[in-house]
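Every chain is named by a letter (A, B, C, D and E) in the order it is written, and numbering of its residues begins at 1.
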Amino acid sequence: MQYTLLILLLPLLSFVVLGLMDTKWKARVAGSVGTLVLSVVAALSYYTAWAYFSTANVGGIYQKIVPLQTVWMQFSGQLHIDLGILLDPISVMMLVVISTVSLMVHIYSLAYMKGEKGFERYYAFLSLFTFSMLGLVVATNIFQMYIFWELVGVSSYLLIGFYYTKPEAVAASKKAFIVTRFADLGFLIGILILSFYTQTFDFGVLNSGNAGIFASASGVTFMGASVLSWAMALIFIGGAGKSAMFPLHIWLPDAMEGPTPVSALIHAATMVVAGVYLVARLFPVYVTYTPDVLHGIAYVGAFTSLFAAVIACTQTDIKRVLAFSTISQIGYMMVGLGVSGYGGHEGTGYMASMFHLFTHAMFKALLFLGAGSVIHAVHSNEMQKMGGLRKYMPVTHLVFLIGCLAIAGIFPLSGFFSKDEILAATYMYSTGLGIGMSFIAGLTAFYMFRLYFNIFWGKENSYEHSPHESPLAMTIPLVVLAFFSFFGGLIPFGKFVTSDGAAYTGETNYVLAIVSVLIGITGILLAAAMYRKKTMLPDRVSQSLGFIYQLARNKFYVDELYLFITKNVFFKGMASPVSWYDRHVVNGSVNGLAVVTQWVSVKIKGIQTGKVQQYAWVFLLGTLLMAFLILFL
Amino acid sequence: MSPLLIFVLIPLLMMIALFFTNNRKQVNLISLSGSLLLLLSAIALVVLFWRERTAGNTAQMLFAADTVWYREFNIHIATGVDGISVLMVLLSAIIVFTASLVSWRIESMPKEFYTWFSFLAAGAFGFFISIDLFTMFFFLEMSVVPKFLLIGVWGSGRKDYSAMKLVLMLMGGSVLVLTGILGIYYLTGAETLNIVELAHKNIEQPAQSILFALLFTGFGIIGALFPFHVWVPDGHSSAPTSVSMFLSGISMKLGAYGAFRVAICLLPEGAHQLAWIFLILSGFSVVYGAFAALGQSDLKYINAYASISHCGLMFFAFLIFNETALTGAFLQMISHGLITALFFACIGMIYSRTHTRLVSEMGGLMKVMPFIGVGFIIAGLASLGLPGFSGFVAEMTIFIGAFQNSGELQRWFTIFATASIVITAVYILRVVGKVLYGKQEHQAYDSLADAYWWERVTMITLIAAVVLVGTMPSWFSNMIQDGLAPLVAGLVK
Amino acid sequence: MNYSAFLQLHNEMTLLAVIVILLVIDVFSSEKGYRFFQTLALILFSIHTLLNCVPGEPFEVAGGMYMYYPIHTYIKTILNVGTLIVLLQAHRWLNTEENIIRRGEFYFLTLSTLFGMYLMISAGHFLMFFIGIETAALPMATLVAFNKFNNKSAEAGAKYILSSVFASGLSLFGLSLVYGATGSLYFDDIAKIMTASQIELIGFAFFAVGLFFKISLVPFHLWTPDVYEGAPTSITAYLSVISKGTAVFVVFTIFVKVFGVMIAQWQILLYIIIVLSITVANLFAIRQQNIKRFLAFSSISQAGYIMLGVISGTALGMSSLVYYVLVYMFSNLAVFGVVTIIENHADKTSIRDYTGLYYTNPKLSIVMALALFSLAGIPPFSGFFSKYFIFSAAFKEGFYVLVFIALANTVVSLYFYLKVVKIMFFNQSENPIERISTDIPSKISLIICTLAIVFVGLVSSIFEQISVLGFGI
Amino acid sequence: MGSILENFTSGIIPMEAYIFVSFIMFFSGIYGFLSRKSLLMVLISIELILNSADINFAVFNRYLYPEHFEGFFFAMFTIAISACETAVAIAIVINIYRNLNNVEVDSLDELKEPEASDEK
Amino acid sequence: MAEQIIFYILAAIIAVFSVMAVTSTRLIRSALYLLFVLLATAGLYLLLGYHYLFAVQTAVYAGGIMVLFIFAILLTQKPGERITPEPLKQRVLAIVLSVAGIAFCGHIVYYNFNRVYSFVKEAELPTKQLGMTLMGTEKFQYLLPFESISILLLACIVGAIMIARKR
């Protein structure tokens, strides 16, 4: 299956060519080249998926296939960094997701970005991102993953900052990069610790279940936790950064400054789930050796999910609502992983999480692209500027509704299936957590439909030029994604992706399913009551909630806290003092040396009086001292 | 006479040729052809070196030659290269080539400028090809004069002060180095100054530790180790562009190279004894430099402190004493040399157009000069360790290598040092954001020209090199390991 | 009584011949012939230099009162060349109106002091040595006061002769004690008899002062800046190079040969004096504004470095020392050459006046810069080699800390040398020194010096030659 | 001192007596050199210093090493040298007088370390 | 016995006049005291049996040098002019240093010349022998310094004239 290399190389090639050509090509040419390449990639991915799932199942277990592997850098000893391609159920699944969404975004952007300055650059960056993301998922070892992890980060940075003349976009890109970089630091240290004890980077070895490789770490503890826990926790921090887990989530809402298709691709469907993917990738290690960390992940996920959902209920920027919704949903996935065990029924969470990843990618991309379509029409992100758009944009309206229903977990849309599995797994793990998650599901339904009603229903705004349906290049991807969102849940996911590779079909917990749907519907109804028509209800509710509402609306002031920390601790507390110290103390001490020398030089000038008798005096004294010295020393 | 001496002879011949020039065209012609010749020779050297190696030549130093110079003091003109020095020569050649291009249109006295610059280059090449302590020191010191004049005459800002400070501090380093060299020579009682032969001699403790401290500190000053780095910010920022490139690209590497070749390899026991002190200093240097860079507002200062941070990492890696870390250290030398040269080149280009280096006075330059802007961003991304560029490879090799050390201190400081990658990201992005992105500060910037052809060649050459190292690291690490293999045996306990 | 032995002293003899011929011409020549006086003097002196530059076999004359070793030829040739350069540099100055009537005396006196230095070098007996030292000192005082109508020069002359006589008084006193203790004045005999008794030690201490005064080591240096500043520049050059070089060489031979028994004691002494000389002189030098005064302190500090060769007391030290003197001579004379030219043309001696010299007189300032770099000991100039050798020589004998201190001081010395370079190169002046067209003799002298600064170090055979003969002492 | 008294009667003048005399002369000279203001007085002091050394040489020669005339001749030559030195010194002093109109040592103060330095 | 008495008288003269010579406030008197000291020194040489040295001392010092001094004094001083006394501090310091020097050197010399000296009482040295010694080139003969010092003398004369003459 060496042709899989092409999946990686084609986008890279596309990036290089588009990057070098830059403005020499017409925008249309650049766009078509990019899209064409991506369609080939997508085709290859589908073929790979088909080929993999049809051939790799040996004895009921999906085997890991490494069609390509090359040593990139050899270190002394056993350590080496390889570049290769690893095919297993989750990576193949991700290939499909990424190439699908990416292709959709490529097509969509042809119209959405039309006429933008830097169109060619945009496509180059998209290609770069696709390359990096694909490289990330097929990584055969943790270091390769880290390499592409960083590349993904930078392409995200470049895309968020695409409108580089807009200060907000520049700030947002910077923020995104730095926050994720900070998280990556944890990832890196985790890798270092892990590799120190295991002497390998390879996923194959790490996940082989061979306890021998962790032997040297056993018994080593630091601050009460085993060193392996530390390593895995640090690695999770890396994932948490990319996946915007609390408290590293702050970059994601700001990242919406980027072009909307980018948000759909990177900040909804693909890159942000990299953290989930990372945990899933190392799942055997987590579950076997550091279950404590895994439980921590579950709680972090749950909290983040709740936290983001609450905020999402109060935001007015439609992209930000979607962004918080994304955070919340990724929290879901994390919970799914966190509560999962290994193999069979125990492993439901794992499977569910991956399933949710898949469905979420589809419906969230759909929602973002839909939102983009709306923004394209209205030229604004703000809910207040919208309303009643269902008449003007029927297609968008329909697909958006599908997306909202999917995310709200309404049967039989895809979200229902995946979310339900996660809830099931959670209840299996802890009832309390399960109830919490159910509540969040309700919240999700509420804020999604708040969004939906605000955009497409409610009071009709007076538009300067009346909004119109988006062009075909935009609606086709929407429809395609809507299709997936609608029917994606019917895929028997457990057959393909499970924690141990063996197929698994969970029995549906009907009670739970029905309750979930009911909760979802409650949320929807609540939203309909409040937002379907222009009423005073929302204001009253928000007033009665008062303080809490303000907290949520201001995202619990986490941004401000960060700002405070970076400004006061990082810049004023560290950087400025260090540079002051450097200029004045270190530099000063060197200059001080010179000053002291000068000072001494001035001080001793007294012996050079110009009086010859004084000279003779010193002369004689010197002589006598010399005599004295020579005699008595 | 060794064939390697052409690397010294070419610059000297350039000087002579420049003496007879009388207009800018001729000066440019000579400097370009000379530096191009150097670059080609360096590439040829790499090729020949590999051919020799694959042909089965296992001598530690290839192309070695040895001519007695001063018999009385056993001073020989001994030259030879192993994998490491070959790469260093290549690095120097690239930087000399690009640096001479950058100053293509230097305003005043081009003839003198290039004369001194060639002199500077001769010193650097001489240092890397020498394997005799005296000649090494000779070439190391030779650069003092040209540096002083180049900064003082063609520099900007507080150039008098900076030039003086730079030279005096470097001289201070040299003093320690010279004491150490004399110590090694006389305390081993060896009849040679050849570093290959001296490696087999032993010096008693505690003399060895004292000498190590002297030598390492001395080279540390040259390589900008905290707290002896203070010449770097002022020196780099006052120097003209090409000299800044040279200073941070090559000069600081002289210190690091010497610290390894002389201090560590010849005095391994002392090194092990005192490693912890310098480990703490260099580890601290890494984070300290990054933080200091964060607090600057002048582009050159930022890059100067970034250099301190990155060079600290080299010293840090040296003191880990394992092959991986050492490989990383040399990769970092190459990588940092290229990246920082690229950075300084871009800064110089921007400065020559906007006539300011203050971050706050720029903005939105990306629109006006996209080529330089892209170069600048690439330099920045490479500097913050983005995969695909050399910085990542080097840093990761160092971190992985350093973490393989069994010492607690080493590992803790590795973790400490990794923090720099975040801080680096912060200041790099801050600069990129302020300078290139955002709104244009001044209307006058609208009419600024993008890169001229010589500037394009400079940037493309450097970027190509950076990408090459970043994507094909094993070519380079193999070369380095080729040089390290015989040395490491004596180092690793 | 074998007077033919005198013929063996051909170096001294030819010098005397030159002196006498010049004296006769000076006294008797016509106005017309007088015009060629300087040219003739230079030619004669060059001939003398060339005639005496090949070393021969060691010999003794007058029962060991005069001793010859091959290394003497080298040191004397170095002095000859140095003197020749000084004479070349003085050429134009002597042709000025006020000096033209005194130039005969100038040559006569200069060469007489040179003769005295020959005697110092070759003496095998303290009487010869003392006569030599006085012959080198007393006419020198008149030379220092050569610009006799100039207050500064007159004052410098007075200061020089007072200090000099005081020093020789102390020296003589010490010598008398040495004589009292050993009963001989022949170097060889004293060396055999000497036991480092207390009286010998105290005699030595007083005696050494006379020499330290000549080398102007701290604390016997105080006269130096004043005299250097006041004396005519050519004489300052002569004092700082020739006079000092001789004294340094003689200190080595006498300390090692005569007072070799008390090596432990004088090493301690020199240790302290070297540290003091280098440090104090450097500290003073950094604040000087007058170029000549600055060079005075620079020369004191250089003297401290040269003494590192003495303190080692080995053949290696000897050859390093001679080599150092050679290099120091060329470097210092190059600086003085430039200073002389500028003083003669622009009458400026303040360092600040040199601002932007590079932009009006690039060649002069480059020569000056190279010379200063050489003095500071920066490769590839010869000064680096000489410093390295002299440090090696001292280091080899175990003076680790001393060498380190000396080395650390090179940083300070680099600072003040570079300060001058900085002033010349970095900034343009509003009131620069005009473009100067240099006279041919000065040009020749500067070319010689520059070539030497660049090549003496790189060409190793020069040192090899010296070092082969260094074992002669 | 005992031996001096003893020798006083025994007929031989002790060498130490000569030396002591010369020391007194020497250090008077030193005192004069260090303290007197007139250049001529300073020169007179120098004469004393040189003369005391002459006495030393002669006495040592006579008392300790009478077999050769080393000290004798040294003293003799030194006398000649001091004559030279006086001649030159007096010429210079007269020159000073011509220039400055006095012969005070303290008036030789034009050449000295300048007060202020131009360093920042 | 007479010798001792003469010696002590001479010694006393030297000591007293040395001190007076350097402390007198009138230059011309100082010169005179110096003359006494020099003559007394000549007397000492006579006592030692060095008649030739006596002659040289008298002729050169008393005859030559003193004349120079007198000339110089007359040239530069007005008659009866007194030198203003030096500051006390300067004098005290000089005295202290001188006395310290005398004590130090005297101590060392006195306690170290413990070898038996042989004062041979003999008639004056034969002048012919002296002449031969002065003119010889063997060891312990002094032709070479004799010739050398002639150069010194010549040089000093030329130098002194150059400085002293008007032009």
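Keep this in mind: a contact is a pair of C-beta atoms (placed from the backbone, for glycine too) under 8 Å apart; a residue touches a chain by one contact, two chains touch by 3 or more.
Not measured: the values here are computed from a predicted model.
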TODO: Report the most central chain, judged by the distance from each chain's C-alpha mean to the global C-alpha mean.
DONE: B
Task: Reference chain B; chain at largest CA-centroid distance - done: E
- [ ] For the chain pair with the highest number of C-beta contact pairs, give its two chain identifiers.
- [x] D-E
Open item on the list: Report the chain whose CA-based centre is farthest from the CA-based centre of chain D.
Closed with: A
Open item on the list: As a quick test, compute the distance in whole Å between the mean CA positions of chain B and chain D.
Closed with: 64
Open item on the list: Just the number, please: Cα centre separation of chain B and chain E in whole Å.
Closed with: 71
Open item on the list: Need the CA-centroid distance for the pair chain D / chain E, whole Å please.
Closed with: 7
Task: Separation of mean Cα positions, chain D and chain A [Å, integer] - done: 96
TODO: Please list all residues of chain C that touch 2 or more other chains.
DONE: 127, 131, 134, 138-139, 141-142, 145, 148, 157-159, 162, 166, 170, 177, 180, 198, 202, 225-226, 284, 286-287, 415
Task: Shared interface positions of chain E, touching two or more other chains - done: 90, 93-94, 97, 101, 105, 108-109, 113, 140, 142, 145, 149, 152, 156, 159-160, 163
TODO: Hunt down the residues of chain A that sit against at least two other chains at once, touch-wise.
DONE: 594, 598, 601-602, 605, 608, 610, 612-613, 616-617, 620-621, 627, 631
Task: Interchain contacts (touch definition) - all pairs - done: A-B, A-C, A-D, A-E, B-C, C-D, C-E, D-E
Open item on the list: Please output the residues of chain A touching chain E within their complex, sorted ascending.
Closed with: 613, 617, 620-621, 624, 627-628, 631
- [ ] Within their complex, state which residues of chain A touch chain D.
- [x] 598, 601-602, 605, 608-613, 616-617, 620
Task: Sites on chain D touched by chain C in the complex - done: 26, 29, 33, 39, 42, 46, 49-50, 52-53, 56-57, 60-61, 64-65, 70-71, 73-74, 77-78, 81, 84-85, 88-89, 91-93, 95-96, 98-100, 108, 110-114, 117-119
Open item on the list: Going by the contact rule set out above, which residues of chain C touch chain A in the complex?
Closed with: 158-159, 162-163, 166-167, 170, 198, 201-202, 204-206, 208-209, 213, 219-220, 222-223, 225-226, 262, 265-266, 268-269, 272, 280, 283-284, 286-287, 412, 415
Open item on the list: Touching residues of chain D toward chain E in the complex: what are they?
Closed with: 8, 11-13, 15-21, 23-32, 34-38, 40-41, 43-45, 47-48, 51, 54-55, 58-59, 62-64, 66, 68-70, 72-73, 75-77, 79-88, 90-95, 97, 102-103
